[in-house]
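Which chain is which? They are A, B, C and D, in the order written, and residues in each are numbered from 1.
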């Protein structure tokens, strides 16, 4: 490889001077004359049937320009998976006949100031017949559980199956041949992205009939295409401007601010800003979902893991968002950076009446890495092997096959183990120091 | 409904006039660090609001061996009070720097657990609350001030104008257990003050607890257990156990009742042990 | 005995990119009349520094000085498609697209330069904004002059189109066989912790990591991802939860008082080394690291806790309460 | 609505504000001071920190009317691209800003700290910054930047 001149240099950030002088323009710093503010009315309960929705008092409140409900949404589906051919759609942009989680958006109040929008939002009346919520994966999968999805199960259906499967080798035979069986159950709970900048969107109607949408989305075209489908307009009617984001961490891949703000702008003919409150960011934006992971590993005396069987249950919350893909990504990565010749995975994307989960830094892989690596230490302690050595012994090498039947080609785990040991001054035996990621000679 | 008016009285008398006129309809802001959160979120929408920031209630002065602290003295200022290290320590553990610059000492009496650390220290210091109304003022011990979660003994036309703290005797320690090292609400706080005689025998003790009940409280039976004894492992263990019995904490996002009760024991023991060192 | 020390390790991989419906990103590059180059991307910079590293990659590929590259991101009327900034894909995908566009633009530039220098484009050498004939350094011109000539003398555009596509890989529903990503970065992290056995509190003293990232585009900004990720991961391991009493739906934190996250006062000592084994298909060998930096603290801390006190905490976050309950349930040794 | 007047970055200004409109909103919406960020409205993140008579406060929790007659300093008053404060230069040089959303609050608090204490210890820096949250940097580059700025200022830079 030729000598690189600029790649590899710690040049200063292009946006650094704007940041340190407070002059970087974020979406919330954009304002237009006669701009309106949007405030969302959300479901106060986790599950129920909407009996009546009465917006008349809010509409009559001085300074209110409009109240947007499901009736105003041309195509009332969040289509983020539908856009790429994964279905069925399951989440309305604004709730209509039912609410599925505490925080589900129902009606958007659009007013001259944020304070008026806030005050008027309190006047929207929603009567909901409460139903018992499904709270976690066990409740969702229990016999007789209320079925909360139109298609008749509480799981996402992967090509007709209620789970994402991985089948590699033969785990039953391998368990029979194993010297040790180590089992472990792991659980994570939901957490938030917490960007310092909440989701914010400013929509301005242009004289030529287009809409300019200022957004802090992480994915401009993805948001544009989804918004166009929801608005039922050609994509070329919309212009997305963004690219300066006050932290994302996966939370700004949801298309949850732009469609409603755009509809509010179309309905009023005026620029509209929607800046999520911090409470909304915590309670109504997607989270990293909870995972329940049940592991059974078969190990030989020499430390080689020869079989892994996993049942993983993802609490996706009330709707898909990106979770069905997160489960696939989870299933594809839970052999970790190791070679395991026999792998059996059933990973379920399960729906509950909880704030929806979606992508968050490490999507699907964070819980897998957590479970895999604690499991590695458990195995080491069980069979009496050093936690370093067990990782060297099992680390995948270039040329080996992963459980998803893809050949390993950029392996460097062994090298990071050696470098980490050196960094902390932990002496490694010669046989481990002699290992490298290209030392696999073939089956 | 949107707020109609904000009053910023420039004297205690003007504040009391407004209070007498509007009573409970008037939301009182000390530094605003609690109420403005609710206003910004739309959780409350008071018709009338009064800020005490200019009411001349922030004076701090030493009088006849005790300290008179104006109601709106900021926690940042309280954190600098070298005469009252226990209270200063409690104040220093509240919020971040900016919050301490805004929040007031009297305001801290009105925020329910797991906030309200300053009140815990004030309980251990035998503080008295000066409550004023148009017709006059009264003095009530802090132990009589709290009536329930976010409920006080104040009448609708009464205002806390000052907090009086006697010069403390004995040795005192403030301990706070949070979920992070700084800028954290309490899992549990303990403010402990012990007066010992020349032989090391406890002649008087105060054990005050935060986030251990509906409001900051004193574990009087734990205090009594120390009476007449040396501070040693048996007496400290007994006091910690009594303090756990006195605690009736709540569960919230930070900790459960079970955990808080346990930590009352740990904090009281550690605070008393710190006094012996 | 209240404070006990422990050390734990974790060794992780992280895949670059995603494959739900194909994973494309495009870039356009064109020269301005005076030799500045504009890179047009619809990718977004979330703060990780995409604009900066893309500028570095473009300047490298174009053989021009860094300050002659303008990076324009974030407007769908002004730039071609990008799937988005997620899945540790942005530097890898956008970087590849930018190199491809830069190569095409550079080729166009060298065509014009060849005319100006009366030489074959294959004989030209270009560096730091200058172009000369190999072996004859005197026969020399500049990007400035060539761009000017292209615009006003030859009527040629100096531009390039770049596209990186990881095509959609169908997943075999029976076996899960698929090709979902492009490359893997790796890390080994060692966590040193101190456990308070009376309160269940865990203090992370130090996180030491060895990262292998393919290629560092900007070492200080990579360090920013490493440190930022380590702190976020520590918070996720020990503090953060939207439903602290999960599966109960309440409490449901709505503020920074209820949702506990790391402040400057909670940050452990962090040290790291970086290895570079260039990836097969990354721009200059880059692998994606944005996400994995937050992952390794979780198991490393849990393993360190076991090392300290002999209990496995298999439910996150490891709140003091969760650990204390586990310690109380521990079989007396 | 009522008019509030105060000194902003050394210049007298006035704005028409609602009874409980926050100083943050008055600065942003009425006076177009956009370094003051709306991060939470709960006083929990520090992104809206400004100096009032030299003391850092979270402007989301101060009613704008309370600022009558006071002296307010925002990041715009601490330094500009043409005339950077040493803290700004140090934040830039130390990569202490990633997304940049918390940066104004961080520099503002750090300015108040260095105004009082030219030689802060690491612990004193951490204590000053503990009310300001950052999700990107892991804080260490920010702490380094404050130390770096203190060194530069003590050298008379």
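Points worth noting:
Operating definition for what follows: contacts are C-beta pairs under 8 Å (C-beta built on N, C-alpha and C of every residue); 3 or more make two chains touch, one makes a residue touch a chain.
Not measured: the values here are computed from a predicted model.
When chain centres are defined as mean Cα coordinates, A lies farthest from subunit D. Of the two chain pairs considered here, B-C and A-C, the higher C-beta contact count falls to A-C. If you average the Cα atoms of subunit B and of subunit C, the two centres end up 48 Å apart. Centroids built from CA atoms put subunit C at 18 Å from subunit A.
Rounded to whole angstrom units, the spacing between the C-alpha centres of subunit C and subunit D is 30. The mean-CA centres of subunit A and subunit B are about 42 angstrom from one another, to the nearest whole unit. Across the assembly, subunit B contributes 2, 37, 40-41, 181-183 as residues in contact with two or more other chains. Looking at subunit A, residues 10, 12-13, 15, 115, 194, 245-247, 249, 277-279 sit in touch with two or more other chains. The set of subunit C residues touching two or more other chains comprises 46-47, 49, 220-221, 229, 232, 241, 244, 252-257, 259, 261-263, 265. Contact topology of the protein chains: fully connected, every pair of chains touching. Interface of subunit B with subunit A (complex): residues 1-2, 40-42, 45. Against subunit B, the residues of subunit A that register as touching in their complex are 39, 115-116, 118-119, 121-122, 277, 279.
Only residues 18, 21, 25, 28-29, 34-42, 44-45, 47, 74-76, 79-81, 84, 88-89, 91-93, 95-104, 107, 133-136 of subunit D touch subunit A when the two sit together in their complex.
Subunit D makes touch with subunit C in their complex at residues 40, 42, 44-45, 95, 98-101, 125-127, 129-143.
The part of subunit D that touches subunit B in the complex is made up of residues 18-20, 22, 41-43, 46, 49, 52, 55-58, 60-63, 65-66, 68, 109, 112, 126-128, 130-132.
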